[in-house]
Amino acid sequence: MSFEHVQSRWLFAAVSLGLAVAMLMLGPGIALLATEVAIMALFASSLGFLINYGGMVSFGHAAYFGLGAYGFALAAAKLGLPLWLAVVLGPLTAALGAVLFGALCVRLTHIYFAMLTLACSEIVFTVLFQAYDYTGGDNGLTNFMAPRFGLSPQIYAALTVAIVALCIAFLARIVRSPLGLAIQAVGEEPHRAAALGFSPRLVQLVACVIAGTLAGIAGTMYSVFQGNAFPDYAGVGITIDALVMVVIGGVKGFYGGVFGAIIYVLLKTFVSRAFTHWELVIGLILIAVVLIFPTGIAGLLQKLGLSRTARPSGEQHP
Amino acid sequence: MAAQLLNGLTEGMMLFLIASGLTLIFGITRIVNFAHGSLYMLGAFLAYHLMPMLGGSTVASFASAVLLSAILVGLLGLVFEVLILRRIYGADDLLQLIITLALVLILRDVVKAIWGANDISVPMPASLSGALQIGGTFLPLFQIVAFAVGLVVITLMVSIMRFTRAGVLLRAATDDRGMVALLGINQAWIFSSVFAVGCFLAGLAGALAAPFGNVNYLLDTNIIVMAFVVVVIGGLGSLSGALIAALSVGMVKGLGVIYFPRLSTVLIFLIMAAVLVIRSLGRGAISK
Amino acid sequence: MKLKRGGLLLATLLAVGVTTGPVQAQDPIRIGYAADMSGACGSLVDGATKAFRLGVEELNAAGGLLGRKIEVIERDTKTKPDEGAKEVRDLIVNSKVELITGVCSSAVLLAETAVSAELKVPFYSAIGNSQTATIEKGQPYFWQTNPNVLMESIAVAEYVAANKAWKKIAPLAYDYEWGHTSVKAFSEHLKKLRPDIEILPMVPVKLGETNMTSYITAVLAQKPDLVYGAIFGGGLVNLVKQGKAFGFFQQTSLVTLTTVDFLQTMGGELPEAGLHGFARAPFTSLLDNPKVKSFVQSYKARHGKDPDDWAVLAYDGLMFYAEVVKAAKSTKADDVVKALPTVKYEGLRGSMTVRGLDGQMSAPSFVGAVIKDAAYPFSIMKGATRVDASKTLTPEDFIKSARAAAK
Amino acid sequence: MMKIRQLHAAYGRIEALHGVDLDVGEGEVVCLVGRNGVGKTSTMRAIVQELIQVTKGTVEFDGASVVGVPSHDIIKRGIGYVPEDRRAFASLTVAENLRVVRKGAGNGQWTVDGVYALFPHLAEGRKRLAGVLSGGEQQMLSIARSLLTNPRLLLLDEPNEGLAPKIIDEIIAAILKLKQERVSMLVSEQSLRTIRACGDRVVVIDRGASVFHGTAAEFLGNPEIARQYLMVSGH
Amino acid sequence: MSREPILVARNVTKQYGGFVALGGVDLTLQPGERRALIGPNGAGKSTFIAVLGGQQAVGPGSTVHFAGRDISGALPQEIARLGIARTFQINRVFRRLSVLDNVRTALLPSNGRVFSVSERHLTALTSPAMTMVTGLGLGRVAHDAAETLSLGDRKRLEFGMVLATRPKVLLLDEPTAGMGLNERRSLMELMVEHAARDQITLLFVEHDIDIVFRFADRITVMSRGKIFAEGTPAEIGANSAVQDIYLGTEGAPS
């Protein structure tokens, strides 16, 4: 998403504001759904950023979602901290987790990187699951607050959309900043970047922390939205959902995660309500999507000329 | 402790059987097959379905059910490769991942639709239900049989890879798929057959283990995680690595139950993380 | 592909965001059945769903409740707490259901009960249970019609204490909250009854483990007289099958959760001796009740197999709700809640009531040896002891102090 | 034997060839000459359908079109291809590299012993991994491997590139030997060495099209052409 | 030459498994010189460059000093920041970034702006980057993604990126490989001209003997992991042993 032109920045702000205001006019049911979509859009975008710019495919991104949720929920439920402080602590916990796990994981590349992130998130999951004296174990943390701070679904939806828009604008800004160039450079050609004086692992670590923190914000917002926290929030299922969103959204930019989240959350919700064998239906749809639109929805839009966010795609063999 | 180690060794061989197909497929096709656990599960259900048709719970009917299930799963893998996977070779790795994830969803639901959601128990053939007693340690006959099958599988696979032309072809395809075609060999069939053989091994492991425990549609997730851990610890694509990793994980698990019981759940992930981190300590990690 | 009843995509799409007018007397009673149909609990929910549908048909055939037909909207929670909460919220907000039920997993239960409390819609659990939901996090709109883990553990302790041959007990339990709570409650109560008994260190088992052999050798090495297994479902099948190969049942005995679905799964494969079980509603122990006979008959006629505990529990839970509605002469949340403790329910499991304080039904537990029976193709808990809730229900002052401590 | 007319081919959307005409006769050595990047490699690849798509024109081998035929079938019909970057299977030994090719492929006379006789160097190191061979040895291995498919037409893409002159002499000697065995060859080159040594005819490629057809003598006798299309400076 | 050498490599060894890639290489570079490294394939030239650039770890007992500092065992980025830059045999640019962004990226480390999130800091680099891009003759394609460039333009771009790090020593691994003859010379001229202007010491691996003899001050000949000969172009051209192992019978330029 290019923000080089001032008017596209204003356009983005206007669209976001419009969306947030629109939330206020929805029925409560659809506002709840919109909130979920928005939160997952942020989560998928943070993963998309890591994959498409940082060149790091993570199988353990849910760790940060879970840490964001538990950082908030534990602070509110167990430490009894005021909610505003707990809300800050959630993403901070995720950021700390990202520093720790990131430092380990960036030592590896490709599938080994992915597998180590998976191990990290499974360790987080297990700790949340087993340390039930502190975390409530599989019973999670519930009843410690009114869901959505007691706000109406519409107002919380508007709030969520606004925060997600801010986070995505932040991502877009990163991409167009010196740091963003460094992240893309290291993501694409680590050897070239190192030979120019970049420390690849440090740059990758920063990318992990950015993605982890944003995933943590999504986790915290989800925990507030639900008024609970469960170990599942750090489970591999959420990572897989986000990966699917990144792929069907289009794998060449983080904004693909937004499209992917909209489609996949709605698809999963309605298909599982309509069909007994919803997993079969989703599976078939996924195969069809991959075979028909291998470049995802963003790629499709690009092909139709509807999007000017062109980033040339495809491998080129020298 | 000796009992735990011995037991861990036999348990480890069952892990190897599970992991062997996964690592084989990855080594040649570079596909991370998330559906491996699902194929294992399918093998178990097929064995359950076929055993009564092949004469009940005798060793002979069990053996033929295992072989037939494995072949059927292998055929399914072949069909899946030819119809779907083949279209996306060379595309983004993530697409392949999503395709195999889709297969996970599909197989889980199909199994549920055919055999129901309830747990299923495949009867153990009477002559395999006993145990050998070594000192004070019980070694179930069944695990010994599985150990033997594992040994046969590894011997066969290593010999094929080292000494047959098929093995040479597979290794050549691992190096440079395209060049194989330029020597007059239809590489598509190399991939198809490797994928089919990998699936065959998944089906074999599932069918073989079926009488030893519970069979239900949740088996896929439980198995795939263990399979990945073993394959990653052993080094992706390495058969001998998978063997060593499987035996070690089996034994560490056995010891873990005694010495750090509360770590049982997280132990294998700690091992996997530790192995990966240690492996990364060299300077050349980014050059992989 | 079968479209789910009442859950058509189009209908849902249309229902979204559309508000409906006030409930009319002739409108159907909408019940939200949010069950863990896929995911970890899927294997348990199957029988329960079948029995629940059967019960709804019977009620509707008899003219419905208060002259209104019952309409069920089914949703799959995927055994995920957040999905459960989401579906329940949607059922209440969009589909205007007046009751929520169907849950199995305790985690999903806890997530859903919070939504029920927030939106003030009655919610009961017939097959899932959580003492946390009734005790610490008790809320007026929730009740639970099966025994919780504390009640069950106490019932088993009573049974174990009565057998003087058992002196060394080894607990083997899933390594998470439920397993530990179960072992703790069992051990504490048993120590009270039989101070001479030695309780060995617990062997924790990884959830989802398919190979139990390491645990089996470890627990056998302790040479216990009895193993208390807080293990269920597939893991239990693994434990018994793999245990047999290790001569487990020659060396020791096992007492564990043996619901009918487990017994059916194992068929003729359970050991002749050495297995003792506890269960919540084994139909084989309830057949002296004519209601059970007719339920088993119609269930078997429809599905070709005997109902498991979950089916009995689900049917019982629904029929209890019908009684409450009749007593309240209303489906309004506050009327239902008010009528709840006043109903003396004569159900499949006998005479039971729900306590107002915590919404816990005085549900019995069943404990006994598992043996083969010529009348069935699977082993059963023949002559199992019925442990009445009077012996196991958590005392009221304990609940009050626990709630005070939680605050 | 092979007849190419108005060949157009592209990598994705990027067109690399626009109009190549080329004939190779039985037993003939045709040199494909041109500067780097003008389309010599692309022409070879288009013949065997590797990485590049033919968009227009015809490629006939033994009178039958090979456009759209999968690579492995083209090889089976009797075209051998030795790529510019050799592409030896690095983790296989020399012997195993040769074993990749199906025995008796193409019903021809080449055997493993035969190629070892052609390149005695390889026979000495048959147990060495191809990955540790020198560039020249890899080139010999690649040619040997391709010969085992018993091609009647061999495509050699820049066989001498990056090799020391001494090795080049050995490679050229091998090409001469193959010529005696009546193997037709299409050899791409930037220098004039192969043409001088064994070329029958020369086709010059420039900017994706063939611009000169003639005998080796005609080409060598007309330095203007070489100067124009090869830019061999100063000499 | 009495000046302090800028780069001194002593007894550089490197093994892969049992294969000795470098068997004790000594090399000294004087500031400002243009050194060519030649030798048959597999002689260890690229490996030696990789050791100097830090991409490969050196074997035991090897030392590399740069401007008096021991850099053996240093990481590539540390070496790059000290002032040794390199190009790769297989051209490596950031394909998805524009030409301008490639150069702006290359400017970041030396400007200390790697972790800045300020767009202003990026904008500040536009004009020096644009000057560089124009100077390389890439002005026309400044806003195109690097992957759409021709090989020659990508090589120019990579050279520009390397120059942007303000190196003191530049290692060029086969800078002209894969290019047309006239393009080779113009690229080499561009590089030498920039190197002379910025007083950069050049070490380049090259196969094209014509280029080597035209542009090198001194030539080092490697063979089988060792230094075989060293000298001025005239000395090397007259060295019959070198001709034997490398140039063959007709290689020496007239």
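Order of writing sets the labels: A, B, C, D and E. Residues in every chain begin at 1.
Definition applied: a residue touches a chain if its C-beta (ideal position, glycine included) is under 8 Å from a C-beta of that chain, and two chains touch if they have at least 3 such contacts.
Bear in mind that the values here come from a model prediction, so they are computed numbers and not experimental data.
Separation of chain C from chain D in touch steps, taking the shortest path, is 2.
For the pair chain A and chain C, chains touching both partners: B.
Using the average of C-alpha coordinates as each chain's centre, C ends up farthest from chain E. Ranking all chains by how far their C-alpha centres lie from the centre of chain A, first place goes to D.
Mean C-alpha positions place chain A and chain E at a centre distance of 41 Å. Annotation: 44 Å between the Cα-based centres of chain B and chain D.
If you average the Cα atoms of chain D and of chain E, the two centres end up 32 Å apart. Put simply, the C-alpha centre of chain B and that of chain E have 48 angstrom between them.
Looking at chain C, residues 38, 175, 207 sit in touch with two or more other chains. Counting partners per residue, chain A has 129-130, 191, 194, 200, 277-280 as the residues that reach two or more other chains.
Shown for chain E are the residues that touch two or more other chains, namely 55, 75, 151.
Those residues of chain A whose C-beta lies close enough to touch chain B in the complex are 51, 57, 104, 107-112, 115-116, 118-120, 122-123, 126-127, 129-130, 190-191, 194, 200-201, 240, 243-244, 246-248, 251, 277-280, 282-284, 286-287, 290-291, 294.
Residue ranges of chain B in contact with chain C, taken from their complex: 3-4, 7-8, 10-11, 14, 108, 112, 116-121, 123-124, 129-131, 137-138, 140-143, 209, 211-214, 216-219, 221-223, 226, 253-254, 256-258, 261-262, 264-265.
Within the complex, the chain C residues that touch chain A are 1-4, 7-9, 12-13, 15-19, 37-38, 75-76, 78, 80-82, 85-86, 89-90, 93-94, 106-107, 110-111, 113-115, 117-118, 130, 132, 137, 175-178, 180, 207.
By the touch criterion given at the top, residues 165, 168-169, 171-172, 174-176, 178-187 of chain B touch chain D in their complex. Those residues of chain E lying in contact with chain A across their complex are 53-55, 75-77, 80-81, 85-86, 88, 90-97, 101, 104-106, 108-110, 113-119, 121-122, 125, 145, 147-148, 151, 158, 161-162, 164-165.
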